[in-house]
Structure formats: structure tokens, C-alpha cells
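In the two assemblies presented below, chain A is common to both, partnered first by chain B and then by chain C.
So, the complex of A and B:
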């Protein structure tokens, strides 16, 4: 143990006090950092802060005006995500074992963090009174300080000494997720929080009574946690099924679409449309696909294959710009693409069978999702959008990435194309969108886009924003991916040509996987930027997470009176954004490590 | 290899779904809108749609507020409800569109909203150049200044008293222009501190970084009621340095819709004059007040049906939302804004709130 301290002291000296200059820097920075945290803690603890402005508005933050009687839909969306996460963790359960000493070490570090903040927390803090005078009050008494210090210090000593005992107990690293999540869920049942209560005159009772957390919060979370745990075990059980991993990837892809088109939206289905339009279209295209799969390798048909392909593409082009139902348009596009791939796959009867299954499943999913997405919503809110607060932020982030990523891939490929028209168009789109600020594009979506569209055509504002976001982040994705494409040696292209791959196969199997792998860090930072940039929609009057905290809550006057309490809300918003982006970048670091990026 | 091609195809299909998901929704809406715009009056559009699209502020204490469950309340919001009550007989048939100051007029002229009730000042240029018309003023506001009693200021101070003081206001608004002009006229030299939003100006004022803060009187009174525990803040001068008449705004050249909005406001004012409230509206003696009877359609209701509304349209307004005084005191009294003695008092009591007769 003495050796350990000696070693640490030596490395400390080498890294922090190696010369006079660095010693001065170390002291100065430490002073600044400690004072910064002292200031922050003092700010948070003074009595003029009303943290209930955050706590009382959780519902507004998450879903804005989503009606309470339909909350089950929100919980279902969250719950489904957790169930899928549980299944995935179970299926991809890592074999890494975490040593108990590592776990205790992290507890020890956490305890040290608490100790640090308890020690530096200011006893007195001052704030500006309304008359401009400085009011100083005791915010962190010695009793509270000791009340925290002593037990935490005891725990730290225990955890530290456990490291040196000979316990060889190990835990699976995936299991730890559930342990860490169990703590907050269990706390929900014991913690009591100050709550806003109104007296009979409809005035706020001050001080706010301390009450247990409402059942409407803790019961759903408990149910979600239990199903999370259950799905984890189910996932472990299903681990060995052959195609389970690709099914899971697809489910992750479909989940947001299902949530936004059916669960969150509560579509009102018009059965006559389903029977009169959806089912016939579905039948026609199923038959079409079936015929193509069956006869494409027939010797007679093969002769006219290119003619058939040309006619199909022409039909698609005409269909997309005609007044056909959206389902028919999408199916046309799909069958055109499908027809390109089919000849290579449907060579054996087994290939034909699996193709048919894929085709049928894709059509069913498409019809199902489109019907939900296109129907009227049954959710009635006072504002113009059922999405608001965090649900809007998520919608913009997820769909922004969903649409813009494939668009970016296509634009990057187009920019590298040998065909001049495609190259010029793609370069034009990329340069045009990238050279104008995002805010300008948002104003364009909100104010100008309506002028360019044909008379009477008017898109929902959120759709317009999604459109410009798709192009904007698509252009950035494209440039990132182009960087990856340029890192691929020419030999790779030549090798693919040499073994007789078609251009489609060459790109999708040889080039893209390597190019994308090379640019994962920049892609993730683009996605993070897109997530954060979604808060800019506030300037065109959409109510995302940040706007709720900044503009809306600071105006609530009677009876809660949160006027002027926007700083608390801004801090809360910043913390939530940080949690999400930090998690995202940590996950991407893990992916990079797994792919051996930078090592190979 | 083949399997991967299939997966790729499937993924591509789903991407199309993602795009299609939103575009068809829009397409459906597009056909609806196309249907709407063919030479129909605003009233017909609203009635066909089944709800009113009302443009309100993104947040103005007392005027437009969003509660913790996402519900709307406030003085402007109540007038949106009132218009819906008149058109549909059901105040809840409103879709609120929260607009920033920059986009409010564009949204109105593009037809995204039917009426704009968003503490908007009625000015000559806005009335003529932007293709809007303004309805009757619902709230007479005006720019005032707020300083500290401890600095020697009081509610009877004038602009001349701010000589040499630092004044905080939000940048690029008429507020900034008014105070510079006003101070220049009386020969007071001021140091102007401009910030992005009014809440920042107040924060600076509290922090002592400026001695005076200036904006519309309603905003100042609202913040004083909340923040000034020591009664140290004084609002002056007595008569504001600018006129800010706030009221509903609608597109020009649709006088039927304009009449409806105007008379919603007038109906609340007339009901206040007669003392008809939500509580006594059914027990009120309409024979003694024939004007009220006509307005509420108690006899034939011809006045309303000629406007394209049902006979009891304005009865519904007062029954569901209340008269002017109720709307005012419900939303603004808790902030310390009162009608008595100001421009918003009844015309019989020295104020400016006045309605033409319902006849």
C-alpha cells in the first residue's frame, strides 16, 4: 500500500509539478475549477431558486400538451424501447466479467467525487436581492456537511480496503446495467419531493409540502423496469436462434416508425380506404413481385428483361409524379428496385422462396406503417402539433438522421460519380445547402417554402422543417462519407471489378463498409450536432425541449408563479442534453474500439 | 452475399417508408388546403375545418401562458377562445399557433392562422403595408420606465429625472427608439444598455447593472408584482411615453370575418357595461335591456345571422368566456394590473374601453 502511494505521488509530481511553470498552472487551474464548482453549488442552493419550476413542469418538458388520458401511449413507446433494449442486451450479452474490485473501485471514485463536492461546497452563498443588494445566507451548514461527509468517508474507506482483500468475485458487465438502473427505480418509491399544492383560494401553499412521488410516475417506471429485466432474460434465452440478430437490427429500425405512426399518433383508420385502396394495391404488388420472382430467370422472359426494367422505371417515374395514392407510389419505387436485385438471387428454388417471404413481409410492413402515418390523429391538443418538448426534439433528431443518412450516402456517391450530370447535381445540392446557415434554412422552411410550392399546397411546419433538416444534415453526412470514400485505395475498386462484381455489389459490399467504418467518429459527431441543432427550431415557433425551459415556464404566473425562474430551467435543460450526447459519444467510442478503428 | 443484398433492399424500403410516412400526411393535408383556398371566405374555411387557428405569443405573462399540462391561458388566449365560442358555440375548438414577433404577420398573410391575437401594436404602417387590418383594441398599453425609489425616483417622476442614468431595454424594438427619442427631447443624456430579451433586462436591473428598465407598462407591472418584495420599484411617468394599443389582427379584404372578430370584442365590452357576467347571464332581465337582448339573440337574432353566425353566438361568448371585465381581472389582476384609473377603464369611468351600440 505504501508502494502504491509512492507510485501515485511520483506520477502526480511528474504530470502536474514537473517545472515551475506547470506548478503555477496547476495551482491556478485548481483554484479556478474549485471556485467554479463552489459558485455553481452556491447558485443552486440559495433560497431564491425555485427548483419546483423544473419539477412541476416535467410533463410539459416531455410531451407538452399530449392529453393525459392517452399517456398510456407515451409509456408504451418508452416501454417498447426498453423491452427492445433489454432483448438486445440479452442477445449481445458480453462475456466480459467485471471484477468486484473494479466495481468497488468505481464506487470508491464516486464516493471521492461526493466527498470533493461536500468539502468545497460553500457554507454561505449570496444572491442578488430584488432591491439590488447582496443577500448572504447559510446554504450548507456544518451539520449537513458532516452528516454527508462522515458516512461517505466511511463507505470510501470500506470500498478502498475491499480492493486489497482477496475477493475473486466477478460480475457480468451486462448485468451491471440493471443494477445501476435498479437504484433510481427503487428510489422512486422512497424519495419524497416538495410538491406544489393549492389551497382553497387557488393559491400556492408555501412552503411546499413534501410528498411521495405520484403513482402515475413510479408505477409505469417500475413496470418498465420489470419488463426490461424480463426481456433481458428472454434475450439470453433466444441468443442462439439463427437469424435473431438481423431481426433485432430490423426491429430497432422499425421501432421509431411504429411509435410515430401508430402508438404515439393514435391513427383513426378509415376502413373504406383500407379495403378500397390499400388492400387492392397490396394485392397487385404482391402478385407483381411473385411473378417477377418466378419468371425472371425463365429463358423467354430473360430476353425481354431489360425492356421490362425500362418500362418499370418509366412507370415509376410517371407514377411518382401522378395523383396515385402514396402507397402505390412507394410500392412502384420498391418494385423497380426489387426487379434490379431479383435476377441475381432467384436462381434456386430456395432463393425464390426466401425472396418471396422478404417481399411479402416488406409489403405488409410498408402498408401497415403508411396507413398509420397517413391517417388522421386521434390525439387532440390545443396547439398545432401533437409533438412538443422532448418528444419533438427526439422526432427531429431521429427522423433527421433517418432521412439524411441515406441521402448523404447517395449524395456522396453521386458526387464521386463519373456521369457529369449526376455529379454536378449532387455537388450543387451539397454546396448550396452547406453554404447557407441552418437558421436561414429554418426560416426558409417556415416563411419562404410555402411561396415556392404550387398554389394551395401547404405542408405541416414540422414536415417542412424535417425536409430542410434532411437536406442540411444530409449534405454534411455526404461530405463526411466522401472523406471516407477517398480513403479507399484504388486497388479495392479494381479487385472488385476483377472478380466480376456489379457496380451495385462493388459499392454495397466492398467500398461502403470500409468507407463508413473509417468515418464513424465524424458521423457520430454529425449526429450529435443534429440532435443539439434541433433546438434551433425555437426561432420558427416550434416548441422543443429548450424552448419549453427558456420561454414557456418563465411565463407561468398564476397560481404557481415561476416568472423569472428561467435559469433553473436552463441548467436542467443543459444537464439533460449533456446526458444524452455524452452517452452517445461514449457508445460510439465503444463501437470504434470494437471495430479496431485507428489500430488497423 | 445474396442475403446481404436482401437486407440492404429491405433497409432501403424502410427508409422510403420513413420519407413516405411524413409526405403522405402532408399530401393529404395539401389536398385539404387546396380545397380550402378556392375563393372561400375565412368564415367558410374556419367552419369547414371545424376549428379556429389562432396565432398567439410564444410567451407573455398574463397574455399567453402555457400551464404545466400544456393548456393555454391568458388575456389574448381568452379572446381566441371567445372567437371560437362565437363561431362554433364551443370555445375549445381552437388550435393555437405560437408565433415569434418576426413571423407573426407572415403567418397571417400566408393563411396559417385565421386571426392573430398576440399583443400586437396597431400602427399605421402595419395597417397599410402588410395587408392586415386591426380590430378594436382590447388592451391599451404604453411604454413606461421603472426605477428604484431608493434612487430618488417615484411614480410621479418624469423623463427629465433619468438624466445620467443607465437604461436597460431590449435591442432593435420600438421601445429602444422611443426612449432615445423621448430622452433627447427633454435633453436628458442616458446610457443605453441593450439586451436580447426583456427578462435579461430585468435581470440586469436587479443586478444593479442599470438604474432604469423600460418596456410596455403591462410587462413592468407584471414583473414588479412578482419580484419587488420591498416596494422599492417605481413605475413612471404617469402617462406612458408611447401608445401601444393591442388587439386582434386579421387579413384585409374580408369584412365579414373582420366584423365577427370586432363584434366578439364589442360583445364582451357591452356585456360589461350592462354587468352581464358568466354567473348571471341566464338570470339577467333582458326585457329591461333590449340592447343585450338583441346582442344575445333573445328575440330574433337577426343581427347575428346576417353576419353568418348563429343567433346566440355572442351569448355563447359571454356564457363560456365572460365579459371584458371578467377576462381582464381573471388574467391581469393577479399581476397587479387593474382597470381603475387607467386607459382600460370603462368609457363611463374615464377610460377608453368603448363599444358601438348593438342595434
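So, the complex of A and C:
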């Protein structure tokens, strides 16, 4: 143990005090860092800060004014996502093992962090009083300091010395996810903090009674955690089913659509509409597809196939601009695209059979989603928009990326296309969207977009924002991906050509995987930018996470007066943003490392 | 019966004429070595045979199919013709095994087990079965080139084109690649090899050609080519290279 300390001391000396210059730099930086954190802690601990302004408004932060009787919808979508995540972790369960020493080491480091802050925290701090005078008070007494220091120091010593014992084991790294998630869920049941209580006259009871925080969420979170765990085991069980991975990928693709069309809508399932319109349309197109697949190799039909394609496309064009139900329009578009693919795929009887299944499943899914999506009863909140707070920020970030990433891939490919029309259109879209500020696009979404849409078509403001966000970040993604495409040597294209791959196979199997891998860092930073830029929607009257903290809570006077307590909220908001972006960038570094295996 | 026929093939890069009318035949099972100085059009010529470059005039007929702009013809010819490049061009994001099975699965529509069996067979043939699960970046140049040969062979081509397969290799790795190529030649594969390895030409080739300035200068048997060349240009070339 002494050797270890000596060794560490030596390496410390080498890395920090190797020369006079580096010694000075080390001391100066340490001084600055310590003073920065001292200042922050002093600021946070003075008695004029009311951190309950943050704690008490969690619901507002998360969902804004979302009606309480509909919370089940939010929980359902969170739960569904977790179930799918659990299944995926189970199916893609990694074989990596985490060593116990690594786990203990991270506990030890965490303890050291707490020790650091406890030691440097200032005893006295001053703040500006209401009358402008500077008030200095004791914020961190010696008793509190020792009360924290001693247990944490013991904790650190335990986890430091445990590496000299025989306790050694390894844990599967996928299992660790559940362990780490278990901690906050368990804490929900036990941690008690000062909470605001109002008496009969709606006056705040001071001092604040100590109660469990987030009491209403502990049962939903526990249920979600348990189903997360259960789906993990189910996923491990399902691992060996043949096409399970493609089914999972498809489910991830469908999940947001399901959430937006069924959970965040109040679907009107009017049986007369379902029976009178949905089912007949479904039946007609199902039959149409079946007939095409069955007779595609028939010699007479083959002869007139191009005529059939032309008629179908013409019908689609007419149909889309007519008054047909949405389902019929979408199905027309689908059958037209489907008819193009059929001759290439259905050469063998096996191909035909799987094509039949694909067609049936696609139609069922489409009908199901559109029935939910077409019911126009969103959730009505008097006087303001539906979403707000973190769910809005999250929606904009996730859905923005979800739509804009594939769009970016298509635009990048289009810009590199040999066909002049496609190239010009794609270049135009990219350059147009990139050369106008995002805020301008937001105003465009809120004010002008409605003018461009056909009469009778109206979208919610959030949907319009999502539309411009998709194009805006799509354009940035496209340029990043184009950079990746340019880094692929010509030889890769030639090698793919030489082994007889079709252009589609060449792009999807050889070029894209390498191009995307080359630009992961820029893609992630684009995603992070999109996540943070979503706070700009405040400018067109949407209440995102930041706006809730800065404006809404900063002006809150009913039921509790929090006017002026926006600084606490801003710090909280900053920390939450930081946690998410930091996690994202760390994850992406891991992915990079994993994919870097094949790099030269 | 000749498997490749070209008639008066001409090709321009802008104003520069790279091929000035090449006419030749290659018989099935023949090993043809093309030599010539840099910029003589020999690489351009064999790249025209599987349409990596497009010729502007003349005719190329491979296995009875004429190369035109028709995509179906091009794909049909490419699946008959394997190609090995100077810079290997393995897919760096895939393992050696995946490199070899990819085209079998997606182009030849084989199932995975079949494709992997074939890949192992080929890796054994080129002498590196133990490297199957590595990535190309973890192999030496000679090993990479042998994987590239296996990848081309996995498509079961009738013709193999080699575009300076040993030019990017260290001297001691050249032999291992040439050995694989010799074995391949003995097995009766039709091969067109662009190379500077005159030893290989002497030992294996059925015919040797010399390209210069986009033209076919000499076409001869190896013995005649090295010992008794017809044209002065060949004499000059041989005097510089040997």
C-alpha cells in the first residue's frame, strides 16, 4: 500500500510539477478552480436562495400544464420506451464484463468528489439584501462539515482498501445499467427533503416540513423499473429467435409513430367510420397487392407491366390531391412504390410468400396508425399549448433527430447524385435552410407556413415547428454526412462495383456505414446543438424546459410566491442540460471506440 | 473459343487519348500478362473490361455479352469477372469473413452458412484461414491482397483481372501473393494480369503483351517476348526493367 502511494505521488510529481512553469500553472489553475467552486457553493447556500422553487415545481418542469387525468398517457409512453429498451438490451446483451475493482473505483472517486466539495465549501458567504446592503452569514457550519466529512471519508477508505482484499468479481456490463437505474428509483422511496406545505389560508407553513420528494411518481417509476427489468429477461430469452433483431429495429422505428398517433391523441374509434371506410379501403388494397404479387410472373401481365405502373402512378397523383380519406391516399402511394419493387423481389416462390406477409403487415400497421393519427382530438388544455417543459424539449430533440437524420442521409446522397435535377433540388434545400437563421425558420413555422399548406390542412404549432426543425437540422446532418462521403476513397466504390453490387447495395452496405462512422463526432455535436437549440422555441410562444425555469417559475406567485427565484432555476436547468449532453457525448465516444475496431 | 474479345477499343480522358485502338482476344483458361511503362494505358484497358472505366469507341465482348450502357449487361459481366486492385480496396469496416461473404449473400443470394463455408475454403486456399475474424487493418499488405483475391474468387468468376496486384507490397510479401496467383493460374482460371513482375510472366504466362502510349506494341509467347522480341520498343523496355 505504501508502495502504491509512493508510486502515485511520483507520477503526480512528474505530471504536475515537472518544471517551474508547469508547477506555477498547476498552482494557479488549482487556485482558480477551488475559488470558482467556493463561489458557486457560497452562492447556492445563502439563505436568500429558495431551492424549493425548483423542487416544488417538478411537475411544471416535466409536463407544464398537461392535464392531470391524462398523465397516464405520459407514463404509458415512457413505460413503452423503457420496455422496448429493456428488450433491446436483453437481445443485444453484450458479453463485456465490468471488473469489481472498476465499480469500487468509481464509488471511491465519487466519494473523493464529495469530500473535495465538503472541504472547500466556504463557512461564510455574503449576499445582497433587499435594501441593497451586503449581508454575510454562516452558511456551512463546522458541525455540518464534519457531519458529512467523517462518513464520506469512511466510505472512501472502505472502497479504497477493498482492492487489497480478496473481494473480486466481474459483472456483465449490461446488468450494470439496471443497478445504476435501481439507485434513483430506490431513493424515491426513502429520501425525505423539506417540502412546501400550505395551511388552510393557503399560507406557506414555515419551517418547511420534511417529506418524501416526488411522492406521486414513486409508484409509476417502480412499475416502469420492474417492467424494464422483466423485459430485459424476456429479451435475453428471445435472443435466439431468427429475425428478432430486425423486428426490434422496426419497433424502434414505429414507437414514436405509435406514441404520437395513439397515446398523445384521444383516438376516436367510431365504429361506423372503421367499418364503413377503414376496413373497405384496407381490404381493397390488400387484395390489390395480393393480385399484383400473384400475377407478376404471368406473361400477359408482364407485357403490360409498365402500362400498369404508369396508370398506378397517375391514379396516385390524382388521388393524393383529391378528397379521398387519408388512408386511401397513403395506401395509393404505398401500392405505387410497392409495384415498382415487386418484380425484382418475387422471382422465387419463397420471395413471393414473404412479400405477401410484408404487404399484409405493412397495411395493418398503416391502418392502425392512421386511425389513431386521423382522430383530431388532441388533448385540450385551456388557454395554452398542449406540451411544455421537458417533454416538449425532449420531443423536439428526439423527433427532430428522428426525422432529420434520415432526411440528412437522403439529402447528402441527393447532393452527390449524378442526376442533375435531384442534385440541384437537394443542394437548393440544403443551402436555403442553412443560410437562414433557425429563429427565422421558427417564425416561418408559426406565422407563414400555414399559407403554404393546401386549404383545409392545418397542423398544430408544435408539428409545424417539428417540420422546420427536421429540415433545418436535416440540412446540417446532410452536410456532415457529405463530408463523410467525401472521405471514402474511390477504390471502395470500385471494389463494390467489381463484385457486382447494385448501386443501392453499394451505398447501404459499403459506403454509408463507413461515411457515418467517419462523422460520428460531428453528428453527435449536431444532435447536441439541436437539443440545446430547441430552447429557441420560446420565441414563438412555446414553453420549453428553459422557459419554464426562467420565465414561468420566476414569475410564479400562486400558490407559493417564488417571484425573483429564477437564478436557482437557471442553475438547475443548466445542470439538467449538462447531464443529458454529457451523457450523449460520452456514449458517442464509447460507440466510436467500439466501431474504431475496424479502422486502419 | 475466346472468352474476351476487344475490337479497336479507344478511350479519352478529356483531350488525352489513353487507348488508341486495342484489339485482342483472350482464350478460356489463358493467362495473359500485360506489361508496359506507367501511363501506357494497361490499367485503363483492364478496367474497361469490367466497366470501371467506360470506353468510347470500339467493342468489348466478355463471355458473349457486349459491354454497352445497359446496366443489366454490366452487372452480368461484373459477376463473371473478378478484380484485384493495386491498393487491395478491402472494406475496412467489415471483418475478413464478412468481406468475403458480403457479395455472396447479397449478389449471389446464398445463405450465410453456405457463404461462410465457401469463404473458409477460399481462405484456406490463399493460406490464411486463421485470420477470418480479423479486420483488414490488422493484416499485413500481403495478407490483405490475398483476402482481396479470395473475395474476388468467392463470386466464382470465369475471369480474373489483376491490376498491379504486387506494386503496393513490400518485397518479401510479393512472393506470397504471386504464389497464390500461380496456383490460381494452374487451376485453369482465365487471368489478365497487369504487372511489372517479369519473373511471374516468364513462369506462368501463356502470352505477354507490351503496351506503350495507349497502343498494343507487342504480343508474344513469354519465351519469344524475353529472348527474341519483335519490336524495338520491347527491347528498350526489357533493357530498362531487367
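By definition in this document, the second predicted complex is superposed on the first by the 560 of 600 C-alpha atoms of A that agree within 3 Å, B and C clash if a C-alpha of one lies under 4 Å from a C-alpha of the other, contacts with A are read in each partner's own complex, and residues count from 1 in each chain.
Note that contacts are C-beta pairs under 8 Å (C-beta built on N, C-alpha and C of every residue); 3 or more make two chains touch, one makes a residue touch a chain.
Fair warning: this is a prediction, and the values are worked out from it, not measured in the lab.
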Chain B or chain C, by number of chain A residues touched: B
Touched partner set for A:498, first chain B, second chain C, both or neither: second
Partner chain in contact with A:333 - chain B first, chain C second, else both or neither: first
Partner chain(s) touched by A:14 [first = chain B, second = chain C, both, neither]: neither
Touching partner for A:64 - first (chain B), second (chain C), both, neither: first
Which of chain B and chain C A:96 touches, first, second, both or neither: neither
Which superposed partner A:514 touches (first chain B, second chain C, both, neither): second
Partner chain in contact with A:137 - chain B first, chain C second, else both or neither: neither
Chain B versus chain C as contact partner of A:431, first or second or both or neither: neither
Which superposed partner A:199 touches (first chain B, second chain C, both, neither): neither
Where chain A meets both chain C and chain B, residue numbers: 505, 509
Footprint of chain C on chain A - complex, ascending: 489, 491-492, 494-502, 505, 509-510, 513-514, 517, 595, 597-600
Interface residues, chain A side, partner chain B - complex: 56-57, 59-60, 63-66, 68, 128-132, 246, 250, 253-254, 257, 260-261, 326-327, 329-330, 333-334, 337-338, 341, 344-345, 351, 354-355, 358, 362, 365-366, 369-370, 373-374, 381-384, 388, 399, 402-403, 406, 446-447, 450, 455-461, 463, 466, 505, 508-509, 539-541, 543, 547, 551-552, 554-561, 563-564, 566
Interface residues, chain C side, partner chain A - complex: 50-52, 75, 78-79, 81-83, 85, 87, 89-95, 102-103, 106-107, 135-137, 151-152, 155
Complex interface listing, chain B residues touching chain A: 1-2, 4-30, 33-34, 36-38, 53, 58-62, 64-72, 94-100, 102-103, 106, 110-112, 148, 150, 199, 202-203, 206-208, 222-223, 226-230, 232-233, 334-335
